[in-house]
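Presented sequentially are two complexes of chain A, the first with chain B as partner and the second with chain C.
On to the complex of A and B.
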């Protein structure tokens, strides 16, 4: 009976709080704010997964949910975490998943690179079939700045009189009129990695071929994709809902060492959650525990819906930060083109 | 043998508009845009940005078939602005957003470059 009346009282208080906070214009009640901001990871189901991005979503509460450039600029944050060789991790906070996903999709399939496209096989007596070898060659990353092979403008003034008549090539129709060293500089074109195994040969076998590289995008064939992978995930957070004190705090710190630490001493010592991102291996354990009777009232694993942790692993053709900048440019160019034709 | 050319995925055919608009005959202030040679990348992005506009009452996109290289975007507005205007606003806003992300990202690249020597 006593506990019943208590719950009634708290819920009344909660309702009053909600009403009070809803009275202030532009301020969502706390539970709705949490729903908007966080996805809760249950033990076998995620909650509040959807993104409420309609301008009219909270119009019943008198709250405007529409987009404004000022609000976007205020909330947007970018933080680089680490760069190791060809890999990079950075956070973008305050963007919509549609933007994050568009950038990821562009990174994978719409940034041009250079890859082997035609292989002219002169001789191949090895065990590996020509078409298989050609396919393998196509997938080798080629270290050439793709911008060098961009379409160039040709103007009438550039036509040159050939005093010696025709200089047409014969076999492949792909001979270059001038040496390519003027295009690529002294360094020339080379491969990103020199140690990728392409074929194995027995004595007496030989492979003679000429390969022609062209510029393309990953949407046409994955060999032109500039990234090994590019992905994003949401920022995880571990929350202690109800204080965990005494021996329970000790056992929690023992189950998830590092993630939870015990603060204070004596019977009032309590468990404190650390930075979830630094203990990612233990997060699935927390997710499972949040469904167990012992911990369900105390622990919660949740993820911020507008905090994206991007990881880009470049193939080595372009540095990862440049890839990201290029994906932004690509996306802006797409929108510009649509605007132009609208 | 009858496979379509690979470039058909991203080259807008001659005589076809990149983006075209068809007004809805049954619903007021509604229109369907057809975007040639685009997919979920742009479709979902524009849908999201349109929904954020107070003037928009409905926005949705459809990528009808993976071998039909176009998307449809359906928009209905309250009436103060036409579907073409809200589309124009959405695309301009998106460009602004990318500009913001770019400048903040470049700031971070500069920060990393000055703090660690191993960075390119």
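On to the complex of A and C.
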């Protein structure tokens, strides 16, 4: 909370409340609460972008800012917005950007999937170069449950004498201990999409190849990333700081139809702000207007700093809700790994 | 993973977290910062192509730096567990309300888990 926070406008009511609420024990005065909860989107600058996290931040006010799991449990909310095929959107309210970002990063780069890793080109007389084609093949999502290819414990008692020896070709130097049909079930391994264009060929050209898949994570190569992308944004809110009445309310409702509506009638009719999330195309307009002379006293666009709108677009290998659960498991596993070494 | 004691006392320790990055380090920094017995916490990644994070913790003396890190790990695990439980509950509720219309999802669940 730097000195720039002073330049954020507050309404007359807010300023009047500051003195009153400061007296209540255990609760931040309203202006500080607003600074902690909301980022204000100014005309050309955002205010109160960071969150004061230090345990001692408000000790001068007698307020404890240290971590409390009870408080976290009480405040956390998750709201599912939509699930369509491979995509989903949901809200998480009451977490810090550090946690939200950790989950987003894990989704992109640390959840294992199966992708093509080795391509053995037997013949390629087409226009597309072998290395380019191999790279393209690597990026095709492969529909195999990555858990099935996890490392398994092998004990000495499980060793079996193979009288017939290797049956695999010498060229690849790759030998399977058993058929994978039992491992992968009746459906076997297939591709998520059957219609991805990989190469175009002229008559007489041929491509003969064998591709081998292995398990990996997005941190090593993006082809293993289980998501097309995963991102979050903050919940927007439009606030009317000072009442907008009369003809001014009419013109506001006309400038941003839907977002602002006029309530009441006669000269005391006033503008009311609707749900900012449902009118996202108009929010940039509100941001610009909040810097204009006419509206700057009245309008404010702000974003709730602990309300994350998470969107996950799966590549189709795993359903998006499972990906999110796996990212949580992954973060907990990181803690376990560190705890083991302490 | 290795831990290096940078100062003489166990109240100030720099941990070198191997094979980790911002994902874990920033989450731990957030929770350690929220611990009233921690006077300083910060992390840095000395070089982007080296997979190591240096996490510096200094405590006020009531607890050791190792204990502070242990508490932060446990808190972060609790956070994950709680988000998971809340998310799963909400997801099931959403499926029931939607009447299981999203068939592609249901198909994958039968195969996947």
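Operating definition for what follows: the second predicted complex is superposed on the first by the 314 of 342 C-alpha atoms of A that agree within 3 Å, B and C clash if a C-alpha of one lies under 4 Å from a C-alpha of the other, contacts with A are read in each partner's own complex, and residues count from 1 in each chain.
We adopt the following convention: contacts are C-beta pairs under 8 Å (C-beta built on N, C-alpha and C of every residue); 3 or more make two chains touch, one makes a residue touch a chain.
Note that the coordinates shown come from a computational prediction; the quantities given were computed from them, not determined experimentally.
In the superposed pair of complexes, A:255 makes contact with neither chain B nor chain C. In the superposition on chain A, no contact is made by A:272 with either chain B or chain C. In the superposition on chain A, contact is made by A:145 with chain C only, not with chain B.
Looking at the shared chain after the overlay, A:187 reaches chain C, while chain B stays out of its contact range.
Once the two complexes are laid over each other on the shared chain, residue contacts for A:76 go to chain B and to chain C alike. Of the two partner chains placed around the shared chain by superposition, chain B and chain C are both touched by A:334.
Of the two partner chains, chain B and chain C are each touched by A:92. When the two complexes are overlaid on their common chain A, residue A:221 makes contact with chain B while staying clear of chain C. On chain A, the patch touched by chain B and the patch touched by chain C overlap at residues 53-56, 64-67, 69, 72-73, 76-80, 83, 90, 92, 95-96, 98-99, 101-102, 105-106, 110, 319, 321, 324-325, 328-329, 331-332, 334-339, 341-342. In the complex of the two chains, the chain C residues touching chain A come out as 1-3, 17, 20-24, 26-27, 29-31, 33-36, 38, 66, 69-70, 73-84, 86-91, 93-95, 98, 102, 104-105, 108-109, 111-113. Contact residues of chain A toward chain C in the complex are 53-56, 64-67, 69, 72-73, 76-80, 83-86, 90, 92, 95-96, 98-99, 101-102, 105-106, 110, 145, 187, 318-319, 321-322, 324-325, 328-329, 331-332, 334-339, 341-342.
Those residues of chain A that touch chain B in the complex are listed here as 53-56, 64-67, 69, 72-73, 76-80, 83, 90, 92, 95-96, 98-99, 101-102, 105-106, 110, 217, 219-221, 319, 321, 324-325, 328-329, 331-332, 334-339, 341-342.
Interface residues of chain B facing chain A in the complex, by the touch rule stated above, are 6-7, 9-10, 17-19, 21, 35, 38, 40-42, 44-45, 47-49, 51-54, 56-57, 84, 87-88, 91-102, 104-109, 111-112, 116, 118-120.
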